[in-house]
Amino acid sequence: MPDSRSTVLENRDLGGGVWLLRFRDPTIADDVGPGQFVMIACSPPYEPLLLRRPFSIQRVEGDVYEVLYRDVGKGTHRMTKMQVGDEVQVLGPLGNSFTMPRPDETAVLLGGGVGIPPMVALADALEAAGHTRWAAYVGVSGIVDEGCFVGFDERWPNDDRVRRATMDGSIGFEGHVVAAWLDRGITGPTRAYACGPMVMLRAVADTAGTHDVPCEVSVETMMGCGVGACMSCVIENRAYRDGDEAARKSMSPYDRWLLACRKGPVFPSDRIVLDDGGFLH
Amino acid sequence: MPDSRSTVLENRDLGGGVWLLRFRDPTIADDVGPGQFVMIACSPPYEPLLLRRPFSIQRVEGDVYEVLYRDVGKGTHRMTKMQVGDEVQVLGPLGNSFTMPRPDETAVLLGGGVGIPPMVALADALEAAGHTRWAAYVGVSGIVDEGCFVGFDERWPNDDRVRRATMDGSIGFEGHVVAAWLDRGITGPTRAYACGPMVMLRAVADTAGTHDVPCEVSVETMMGCGVGACMSCVIENRAYRDGDEAARKSMSPYDRWLLACRKGPVFPSDRIVLDDGGFLH
Amino acid sequence: MTDLSVRIGDVVAKNPVMLASGTAGYGPELSGGLDMSRLGGFVTKGIAVHPWEGNAPPRIAETPGGMLNAIGLQNVGLEAFLEDKVPYLNRMRTADTVVAVNVIGKTVQEYHDVAKGLRGCDAIDALELNISCPNIKEGGIAFGTDCVAAAEVTAATVEGSDKPVWVKLSPNVADIASMGVAVEEAGAAALSVINTLLGMAIDLEKRRPLLSLGWGGLSGPAIKPVALRMTWQVSQACSIPVLGMGGIRSAKDALEFMVCGATAVQIGTANFANPNTAAEVVDGMTTWCDERGIERISEIVGTLNA
Amino acid sequence: MTDLSVRIGDVVAKNPVMLASGTAGYGPELSGGLDMSRLGGFVTKGIAVHPWEGNAPPRIAETPGGMLNAIGLQNVGLEAFLEDKVPYLNRMRTADTVVAVNVIGKTVQEYHDVAKGLRGCDAIDALELNISCPNIKEGGIAFGTDCVAAAEVTAATVEGSDKPVWVKLSPNVADIASMGVAVEEAGAAALSVINTLLGMAIDLEKRRPLLSLGWGGLSGPAIKPVALRMTWQVSQACSIPVLGMGGIRSAKDALEFMVCGATAVQIGTANFANPNTAAEVVDGMTTWCDERGIERISEIVGTLNA
């Protein structure tokens, strides 16, 4: 008896907890004696999932909010199966927010891939506050990922303030977002904001540092609880690592690692070490 | 931020593995700062399932076979969610079959609840073999379970040979299947077959014993593999337990426990001990 | 309605459901709007005499039916704890929720010092000695796998403390019952069973552990059968109360631990998947007992027919 | 194409994927049409010198991400094994699949006697000493949790045997590396890591264990982190090959064990959920190695950067 795939023809609720299942399967139905049985896999073997997954809120409209996500693993893959009308348990909103720019500052928003959502949220907030002096540089690898642009595309489809970049040049600027930013140049009082892969955040922070631009980044560490209870989501405190002996001595070792879910996810880029030893993407 | 239930409004595939989820949730959408995030439960916490579940084949028609099951736990509950068109991994047919009666024998089929399916399979086999001399006594607790009768109802809706029994008298004979059988009386050469809860099988076996009726029962032990590989599905060998000292000495201790998936699920009722210490229903 | 209260030695909890150490911070982190007054008890994150850094990230990884953690006991230290965290714990006491402080150290002396430092602190009902944390390179686990060392650190803490001392046992031993007996004899007032199992998860492509420390502690439903077995073994071998834990997600899980000998239970990992777990467990227990006409939940403790 | 063959001491397996003892009977029970010639190796159900009854049912229970079993090593005994089972094992040898016989006993002498009884049996490539079965009331586990006893039973079996002796270690210990070292010194040719973790599951309403024995051995994905950690520890401490197992369901799982130091792997519980698991693991390994240009799979063994 080889293992076989049977197709469900009917799965009838007969009431009282009794159900009738009918399958089509020539292999099995071929030669059955009365009293024989089958072993049904009630579900494929799979990874049980315990922990919630964190996602940035991209946009809020009335009582509706949206989340942009990439199917990268167990949890996000399941999310692709959510059906209209499903009820999903969600904890939030969590964490802190970006600091608003001063009125004279140009807000530069840099987003990479699924790091674009917080930039959409920020652009919405800036517009709502009447701060129209902003420019967004949003990048993905190529046309295959252009879905990540949806937040900007929907609201600012032909807005000069939004510059799209792709690594392969298939859309907009060819290269990464920092190159796109520098390509336009940094003029006048500027404040930078970024979210994306660690390597991108580092490039943004370096550039901001070089140009004396205040900069905030949103970091995406591994999170167990999202509320400060598990202490898993830490990112290193720059003052602790780079401070001189005296400075470090004056700090508590407890403050070496900062909880990204509670003190963040937004940090001044010079406050944290943008290097996770390559553990995150 | 209290935990909240958000309703999926849209879950859009944007290509390249990128998806857009939109939720409705006034609680969360109420007061969100740019950069904040949510923790989404990608699935409710649940029991991961590993092992397959065994079910009798109730009926085969062409390349279609059917299984009748009751939603009693993790696996069967999931089965209720199977959708038309789903592909389900099934191993089978497994196990042995009932012995056919001699032409002069009346086959008495006794089925209780979700133990009725093998009796349907046997009735079908008897009919196919031209052996119309059979009588079925099928019982459930009451009208709430009458779905269990579906196999007999569909093929023999008004057949005198089928006697339905309920414990509460709501349908047919009031009482258990053995009482229904005895009510009609045992006349002429008879061979009994049974499947159902352990307590019912014991009553059938006792009655068969008293009336010198050869009897076969199908037992439903806990099964890990269904093919003889895990040795989990055992039932006690009566010869080993009840045999005299000499008889037992002549047997291998290995033969105390019989594998129900391979030597069974059908056994002569006097070959096994119909008592599992109350572990099964 | 069933009386849900239980006695852990001299400590009376209004119900047997507590939050496990390290999974709800120092209290304010109680997540998802869980009403702390619903809780029978609450155990803080481990506290050492001095602040500790903890490990570099990543500190957690999900595994089949469970998770690994290697937080490394990052903690504010005794002084900051007394100053910043105790006020909130006082509110818990007012809400009639038992408060236990999880105590960690690298030497016997350090355990003793924390106990002494917490003397006179009325916000606290008990200490829970963590002699079993697998997530630090030194200390912790060594005490947890050796009867003599475990007894020594227990005795020193008991001596330093004015509160009952619960000892949290490591499951990474061949014979947990002997560990329980050893610390009971050394003066423990109760036993917390179990801490996490040592485990590892790796990134196949990068060929390195998923956790920066290399290994971590396995918790969650995956370990429930081990935890249940150890709860049973320890409660059979010892006469002090057992606090059972390991993979509890539901009232049914919690009641199973009690039937296996736990006077009370703690909930850890499940808080992350569903922050309201503890309240749901209390509700489920109430219903379960009511339906069965059980007058006092303590009646069911250790009633397993094994 | 990648060379999948591996050497376990003097035994060469054409690929590193074996079926674990107790999960595929004596061979003919190989289920679901799995083609045995695809397997690198196969380990039989435990064999004692005399037939054993095993435990009363229920013998298994499902748990979160795993299962408990307390089969109790029901087995036909040495004599019937040689007579009835060996012919099939011969077919496996012909198919170039390594055959190991899992050996059990209640005394050192019994282990020795099985080894002696299997002398000269060409169908068999190796013995796997099960000193770690938690499912019998006497013997088994005691050998598995004590270094001296483990070394003694290993030495006696090696002395009685004309085949390489692999020793299967128990995870129910504080320090599995020392166990590995002890049996290596006693003459083991390889180490199988791990057997099941002791666990318990209960029926809350009936207030009794789900397994007739009371407890059982936990296997399946739930224990994978523990198994991976122990595979790493043992392979770091010992110089003989390690056969890794515990919760393997996929090529990725299997490769993780190899990166953590396993020369080969065994698949147990997953066979029940999907009888074709082992063949799928072999296929997946091939693809994985091909895609990465790995010439010999043995290159990846123990390459973890920890």
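As written, the chains take the letters A, B, C and D, and residue 1 is the first residue of each chain.
Operating definition for what follows: a residue touches a chain if its C-beta (ideal position, glycine included) is under 8 Å from a C-beta of that chain, and two chains touch if they have at least 3 such contacts.
Model, not experiment: these values are computed from the prediction.
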Go through the assembly and pull out the chains touching subunit A as well as subunit D.
B, C
What are the two chains with the top count of C-beta contact pairs?
A-B
Most widely separated chain from subunit A, with each centre as the mean of CA atoms:
B
Averaged-CA centre spacing for the pair subunit C and subunit B, given as whole angstrom
42
Using mean CA coordinates as chain centres, what's the gap between subunit B and subunit D in Å?
33
Please work out the Cα centroid separation of subunit C and subunit D, and write it as a whole number of Å.
34
Centroid spacing, where centroids are CA-atom means, of subunit A and subunit B in whole angstrom:
46
Subunit D: positions in contact with at least two other chains:
31-32, 64-66, 206, 220-221, 273-275
Overlap residues in subunit B, where contacts from two or more other chains coincide:
1, 3, 41, 45, 47-50, 52, 74, 89, 91, 225-227
Within their complex, state which residues of subunit B touch subunit A.
1, 3-11, 13-26, 28-50, 52-57, 60-72, 74-76, 78-80, 82-98, 114, 118, 121-122, 124-125, 144-148, 150, 218, 223, 225-227, 265-266
Report the residues of subunit A in contact with subunit C in the complex, numbered from low to high.
47-52, 74, 89, 91, 221-222, 224-236, 252-254, 256-257, 262, 276-280
In the complex, go through subunit C and note every residue touching subunit A.
22-25, 28-32, 45, 50-54, 56-62, 64-67, 69, 71, 74-77, 80, 206, 212, 220-221, 269, 271-275
Within the complex, subunit C is touched by subunit D residues 63-66, 68, 145, 172-175, 197-202, 204, 206-209, 214-215, 218, 220-226, 228-229, 232, 247, 252, 255-256, 259-260, 300, 303-306
